[in-house]
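Paired with subunit B in one complex and with subunit C in the other, subunit A is shared by the two complexes that follow.
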Partner chain A sequence: MNKLKRHTLVMNFDENLISKFNGENILITSDSFNLLNRTYDVVNQNNKLVNVTVYTQSALTSIKFLENWNRIPLALYLPSMGSYRMFFHMLPVLRQMNLRIYLPVSNNQNIIDVQMMASLGIFAGIYFDKKPINWEKVKELAFYSQYSKSQHAPVEPFHHISSKYKSDETLDFNAVYYNDPNQFLHINNEGKVALTYQLLKEGKFALESYLQINTLKENEDFVNYNTAWQRHFLDKTTCSYCPAWRICMGKFESSIDAEKSCQQLFVEVLEGAENHQEKNKRKPEKVWQL
Partner chain B sequence: MANILLTQQCIRSCPYCFAKQHMSENAPDDTLTWENLMYIVDFFDASNEKHFSLLGGEPFLHPNFIDIVLYLRERKFRTNVFTSGVMSNKMFEEAIKEFAPITPNQLSFVVNVNDPKKTSFSELETVKRFLRAFGHFSSLSFNVYREDFDMDFLVQYINEYGLKRHIRLGLAHPIPGVKNSHIKPDGMRDMAKNLMSFIPKLNANKISVGFDCGMPMCLFTDEEMGILYKHAGGQLKFTCGPAVDVGPDMSVWTCFPLSNYKKTTLFDFDNVQQIRRYYSKMMNAGKSEIHGIFEACDDCEWRTEKLCSGGCYAHSVSKFHNEPENLRKLEEVINNE
Partner chain C sequence: MAVIIFKATEKCNANCIYCGVVKKANQEVMDFELLTDIFKKINVYLLKFPKEKVSFTWHGGEVAMLGADYFVKAYEILQAECPDTQKRIEHLVQSNMTALTQELLDIWKKLGMNSIGTSFEPVDGIRGLGKNRDSVAYNKRFFQGVNLAEKNGFKWGFIYVVNKKSLENPMEIFHFLTNMNLKSSPMMNKMYDYGDDETGLAINQDEYADFLGALFPYWWKNRKRYASVKPFNMFYESIINGKIQMGCEYMGHCTNKWIYIGPTGDTAQCGRAGDFGIMKYPSIKEHTLEEILFHKDRKPIDERQIKLAETECKDCRFWELCHGGCVLDAYMSSGNYESKSPNCGWMQKFLIKYFEPVTGVKINLYHPNSKKRIQENKNQKAEIKK
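Right after this comes the complex of A and B.
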């Protein structure tokens, strides 16, 4: 298949659909844990499984992790973590897993729990669930992610921003949630292609078939998606004046408050990312090397 | 080792309590939150100190006490808990269950006991229950606030419950400006004589005594020093240096008796070494004004050799509480440092 660049194809587990692909990076979304091992085997037959992302309404501590899941790259979108006691008991198993856990940001406890998980070596993150956000709490988590001197697992999306940020480019951290059509394309069971998970749910497809992915560059929806940011500058929205535009790109335009709390957060995050970049700049070798 | 206060609540009301003032000035329902705990753990981790003591009030009164210990274990911290051993049945049963897989290298208890003759029956039974269950994790702590104290019951507890064969002996210290029971400087020699009378029995039972801070060296004769040296395997301490106490609200001070002086917050420091330096400077500044609890401290060679700090610094500050002008000057020196 001739594409712009190698996309990760996001789809439900459908053996018939998967059999149509060869040599692709495939990410499977699911609402249950029933077929995890089967998914792993089927996808990896002719393609590469990026991960299985499970969206479930169960708390982390109510999930029974099986030892043979440890070979499966997993992402879990959960409403909450559950009791700390149970979590501590589960840690030996969780640490064997190839796992990232995402909790919705609208619940303050989740922000603490994400930090708790990260501090114990479990890769974790928040996702923005379109409910009111306690920006101060999110800022504390971002600060922890970017500045804590103590070792901890990455906290998303802040780790993504810090590690991928380039001072001369914009960065869309929606990629963390597979919502960047320059990297991820969402395919329904009929093989139709949507640019984001939301558009897939709404039945709005950019391409009628995955076979047309090589035409994506000229696709009107795709072009519109990639140039949608320009509106902010044409309309002179609040976001267009935001110093942290490069890493947020107006994602919270509809919920900006009087204090511009989202701006306060992302300015801090941007500074953290710049610090991170500066720190990791490799200095030219001054002394001879063998 | 630094001390982290989980809660300001305490079950007992010991007459010598040197946390009295601090506790009275803080809301009893003020308990350490998970956010603050994680910050503290990261702070000590980044300072390369992977151990601290949990204090109260009574740490077992913190609603998340057991989870906190489990968390610290997962963070590979060695945790020492100062407790009275008094707790609810529910908490006790949970502790038995949850601490079963933990080794004494990861968790230890210092159980602060009072003379059983001055303790209520129910409290005594609860303490014994704790010692019976957690003896292998526990050593005893005993605070001396009268010259005529008894230590026989400590030996009995250690033998009966298989405790660690060490006793932390604390001298109850005064709190500047607040009343609590403690031994006045002129009663200290009698206290020391009484202590020495127990050493043969402790030796016979292979139990060592370690002094907490603020024990003046001159309380003991040279002969007694020789006996103590052998008893403690050379590990004798007569100094009073800055401890680091962190409250549930992240306030930091150097020790309970001095909790009113230069109280600050953990957020003002990058690491625990900085805090120690900060309070060392404060105490050194004060010590340049007051050398020790006795007149003789002024010219004492052991003090200048830094083998003895001249007793608890709080004693010295307390002395000035009857001399407002001198106290003001001292506080000026301390606070300006």
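Right after this comes the complex of A and C.
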């Protein structure tokens, strides 16, 4: 099989499947914590483990973190953080982990908790769960992520947008959630390839086998995915006129309200990203007293 | 550099409402005998002036209507007739993107092209295919063309023609256009009205200035994001950075540089002159390229510069940004070469009412003696002839 230079392969933990790859970046998804150490050892034998992502219905504070997980890059998709009391009790352990925590944005408390975790050094983020969104709250979180002068861990997806933004390219922040087939491909246990996690769940595969990945550039589904944005300009959707198109690309088309709240948020985020890039270009200020 | 606007065909699959070429309904296609003769004459010109280059823009109509075979043959003729000079011929192309094929892109690449100039219009019914001006089909095929071009490594940039409908919501138009292609921002040109506007879409000088003025504060605030949007970046480069980078209409040095060559070998001052059938020069069939580029009928264009600087444009502090504007526009509006272009209207209004207050910059680009520029042009010509 040709070496895949760009893609991270996303799959469940299946030793037989993993044994077929060599030298690849592999991301394992799971709904339990049972085989974390085994996963780490097996994947890293001949490949590189990007992370293990666990999708679970447990709150963060109800998970029992084992000390030997600290070597494993771990991403958790959870419904909530849990109680503050428990969280602060767990904090020393959490800080030793190589951990990213994602909570659904539809719960206002989650937005507060993501900010709180980030302020305590835990890499955290929100994910969009297709339920009504309190855009003002999200805006506060974005502002914190992009402008707060106090030290804090990255907050996704705003960190991704700030660090990857280029003024002459569109930016798909779905990559944060592994849903960008230009970076991530989802492989089922039979070795079939889907372009996104959702398509994998729906059983819609672009390639019948991972052995065909080197033909992806010519693949119709892949080409269609990458040109799907053009529909907005053909249909002249509200998103095609949005100043923040370049960092959102119509992700909230179906939930645009009268105030265009999503636009208001992403315009702020775009300015934050530009501000971040401008700041990084500047030479560090010299303190003359030293 | 000599700029050849080359129209081997003026046929077009589209029927854009503001297009002067469509109105001509010229169905001619240049034959290969004439094409051979033209490349021979370019070769003679370049051999005589070893430091000179030629910019050769394949224009139309729609060039894709020529088909890939035409370009393959043109490439063969080029190889045969310009063996030692073809490296000094830069091929460019203007296309509406709706009829691109893999074969066309292959041969364009062979000719050294890597980008396509095009146009787009978000409002339906202005650009479109066929008699009914089908915008939906046009736009669909436009994006198919974009995808094919990008797959082949071509970049594309586009012109937007500001018309009456654009005035309804300038910011929406601006965002739509700047979102479409982040690699290349639009050039927003004024739709022209020479007194025969049957469409009701042409805009006047004030309307164009106000359209730009509605966008400019936003552009200025976000100029890093939208750096290459024209005409704003032309003013920015010229006024703020001091590098005069205006379009050909405003540089005052097109006299002996530009030539239009049409399907039957007819020539004119530039592409638009050819479209409107004015400022014509003799056919390339009977004359050399040098004879046409330095034809005596071009002399009034140079003289116009001196006269304007001493009369209408005397003391104008925007002189270096405009040089009296395009001679073609002046001729179309007043019937003579000696007056300034009516575009003075929008430019002055935009600069005074919008650019200066927003930027806080007081413009003073008065050229005390335009004879200096004429002398520079003469020196340039002498240099070419060396």
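As a working rule, the second predicted complex is superposed on the first by the 277 of 290 C-alpha atoms of A that agree within 3 Å, B and C clash if a C-alpha of one lies under 4 Å from a C-alpha of the other, contacts with A are read in each partner's own complex, and residues count from 1 in each chain.
The definition used in the following text is that contacts are C-beta pairs under 8 Å (C-beta built on N, C-alpha and C of every residue); 3 or more make two chains touch, one makes a residue touch a chain.
On a predicted model such as this, the values are computed, not experimentally measured, just so you know.
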Fit or clash - subunit C, subunit B, common subunit A: fit
Which of subunit B and subunit C A:227 touches, first, second, both or neither: second
First (subunit B), second (subunit C), both or neither touched by A:88: first
Partner chain in contact with A:241 - subunit B first, subunit C second, else both or neither: second
Partner chain(s) touched by A:174 [first = subunit B, second = subunit C, both, neither]: neither
Angular separation of subunit B and subunit C about subunit A, which is computed from CA centres of the superposed model and rounded to the nearest 10 °: 110
First, second, both or neither for A:110, with subunit B first and subunit C second: neither
Superposed arrangement (fit on chain A Cα atoms) - minimum subunit B/subunit C Cα distance in Å: 23
Touching residues on subunit B, where the partner in the complex is subunit A: 34-35, 38, 41-43, 45-46, 64, 66-67, 70-71, 74-75, 98
Residues of subunit A defined as touching subunit C within the complex: 167-170, 223, 227, 230, 233-234, 236, 240-243, 245-246, 270, 274, 278
In the complex with subunit A, residue positions of subunit C that touch it: 122, 136, 139-140, 143, 146-147, 172, 175-176, 179-180, 182-183, 224-225, 227
For the subunit A and subunit B complex, residues of the former touching the latter: 84-85, 88, 91, 112, 115-116, 119-120, 140, 144, 148-152
